[in-house]
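The chains carry the letters A, B, C and D, assigned in the order they are written, with residues numbered from 1 in each.
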């Protein structure tokens, strides 16, 4: 039965991806893509990769959809959506053959792979040293902390890149439009009720993340979603991009991570955690990272400044 | 099969039935507003029965509380989304 | 057919499909969609191959979470560029028409 | 017993496939968005059923995140129906509320 479910899910994923990429109508493609993110999260769930499923559920099914609808809206507002060209049939034939070849070669390579669970046993055997019950968190913040540190910096770099698209004269302004809602309407009520729930869920995910599925990225995404929702519902405005408080929130995670890394250099290597204090240090990094990731993601979705700031 | 298992299975069957009913409504109803009306109610009822079935299966109060929270959030989101999408559909008319 | 193999092959299918979409549909938003589909296909191949006996290797899982966030950063940057492009007049998104002008 | 849960999950996948037809067919954007919304509810159901079928309560957190973010895309979508993309379809002008939908 399990395999039948998996086969149905895979068929659905491939079908939805084809509709999103090749179907008619851009808006329909976006709707299919939102569904696609959800189905991919279910695929990870079925593979028992709950940590990945959480990240994909929050990012793929939530935040990416909002980003793309925003881009669609910007094009639609300028009546720049059309045309949506399809390549010449000769291109399509050759592209189809080439992609079939690539897919086939990949499939052959996959079939030739030896089985096995890779490093699972090694991670489970050694994660006790870090006093962490969640193997994925142990890898993210223990064994491959370099990746995670650099990734938090990639996120910041992406935000700098987005901010570099600020129109002339608006630097220091506020991202996105000021949202309006009917004060007693459905949207305002929704925006009042959901963010607190999101806040609790986000804190829960980072708290649970050391021993159960969850962690800084999943929590940060849920927190960012709560922030974005409050802004969409008009309850709260985005901060000015030069706000010192905002800058502090953006930097605290990577800064703490770098600091721990630098201190660790004294203990025998960059990012070597002080012995006996591994877990408190990892938890501190996790909480700080969750906050920074939340702020960075929320502002990434908001885009570059669009309005002049307030009193300056 | 124990009584608990039969009860859980019955809940699941009813739940899946309502999901199908919602999809049939989405496919068969004539205009956008009646389609909205069909699917939000049927699907959330279906989800309620699935939550019930899973709750019976786990038989744990904390898990049942989490399931109830999930259901509440899903209903809330679906209700708000249906209302807002209906308004948006009124506003833009029936453009594709 | 194990779940591991099934999902890895689905991932390969997604990569091929995404590449085809990337080449044949040149609209900017479709390119972003294709990039995301290719990305999730790569993740699926990577993660599913580390799956056996109901457990997925935590090392690929951690790297995939990193990858998902990096893909999101890129998507956000692309979306911001599309929005700016539209605000600056944009015009037709058909690259062939642009070249001719 | 676990198979019963997976069978139910399969049933919901089939109903999702049905809803996809409406997302493809349209005809209005609201139809497509509501199909995605309905599939979101279905996704919550499948996540719960997988958690029960595999006896992994931790999977319920994924259902929780789905449910939290279920209306996220729909909210962004309804914003696009307002003139500058920043309003509330319930507010702004009353004229839209009195207007009949176009045939």
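Here is the rule we use: a contact is a pair of C-beta atoms (placed from the backbone, for glycine too) under 8 Å apart; a residue touches a chain by one contact, two chains touch by 3 or more.
Please read all numbers here as calculations on a predicted model, not as lab measurements.
Visitor: Counting only C-alpha atoms to place each centre, which chain is farthest from subunit A?
Guide: Greatest centre separation from subunit A goes to chain B.
Visitor: Which chains are joined by the largest number of contacting C-beta pairs?
Guide: Top-ranked chain pair by contacting C-beta pairs: A-C.
Visitor: Roughly how many whole angstrom separate the Cα centroids of subunit B and subunit D?
Guide: 10
Visitor: CA centre of subunit C versus CA centre of subunit D: separation in Å?
Guide: Spacing between the chain centres: roughly 22 Å.
Visitor: Between subunit B and subunit C, what is the gap in Å from one C-alpha centre to the other?
Guide: Chain centroid spacing, subunit B to subunit C, equals 31 Å.
Visitor: Distance between subunit A and subunit D based on Cα centroids, please, to the nearest Å.
Guide: For subunit A versus subunit D, the centre distance works out to 20 Å.
Visitor: Check each residue of subunit D and list the ones that touch at least two other chains.
Guide: Only 14, 16, 26, 29, 33, 35, 40, 54, 64, 66, 68, 71, 75, 77-78, 80, 89-90 qualify.
Visitor: For subunit A, give me the residues that contact two or more of the other chains.
Guide: Residues 2, 25, 46, 48, 63, 70, 72, 77, 186-187, 190, 194, 197, 218 of subunit A touch two or more partner chains.
Visitor: When you check subunit B against every other chain, which residues touch at least two of them?
Guide: Those would be 73, 76-77, 80, 83-84, 96.
Visitor: Which pairs of chains touch each other?
Guide: Here the touching chain pairs work out to A-B, A-C, A-D, B-D.
Visitor: Which bits of subunit D are touching subunit B when the two form their complex?
Guide: By the definition above, subunit D touches subunit B via 1, 4-5, 8, 11-12, 14-16, 18-19, 21-22, 26-31, 33-35, 37-38, 40-42, 44-45, 48-49, 51-52, 57, 60, 63-64, 66-68, 70-71, 74-75, 77-78, 80-82, 89-90, 96-97, 99, 101-103.
Visitor: Mind listing the subunit A positions that touch subunit B in their complex?
Guide: Where subunit A meets subunit B, its residues are 25, 186-187, 189-190, 193-194, 197.
Visitor: Which subunit B residues qualify as touching subunit A in the complex?
Guide: 73, 76-77, 80, 83-84, 96
Visitor: What residues of subunit D sit close enough to touch subunit A in their complex?
Guide: For this pair, the touching residues of subunit D are 2-3, 6-7, 9-10, 13-14, 16-17, 20, 23-24, 26, 29, 32-33, 35-36, 39-40, 43, 46-47, 50, 53-54, 56, 58-59, 61-62, 64-66, 68-69, 71-73, 75-80, 84-92.
Visitor: Provide the residue numbers of subunit B that touch subunit D in the complex, in ascending order.
Guide: It is residues 1, 5, 8-9, 12-13, 15-16, 19-20, 22-24, 26-27, 31-33, 35-36, 39-40, 43-44, 46-47, 50-51, 53-54, 57-58, 60, 63, 66-67, 69-71, 73-74, 76-78, 80-96 of subunit B that touch subunit D.
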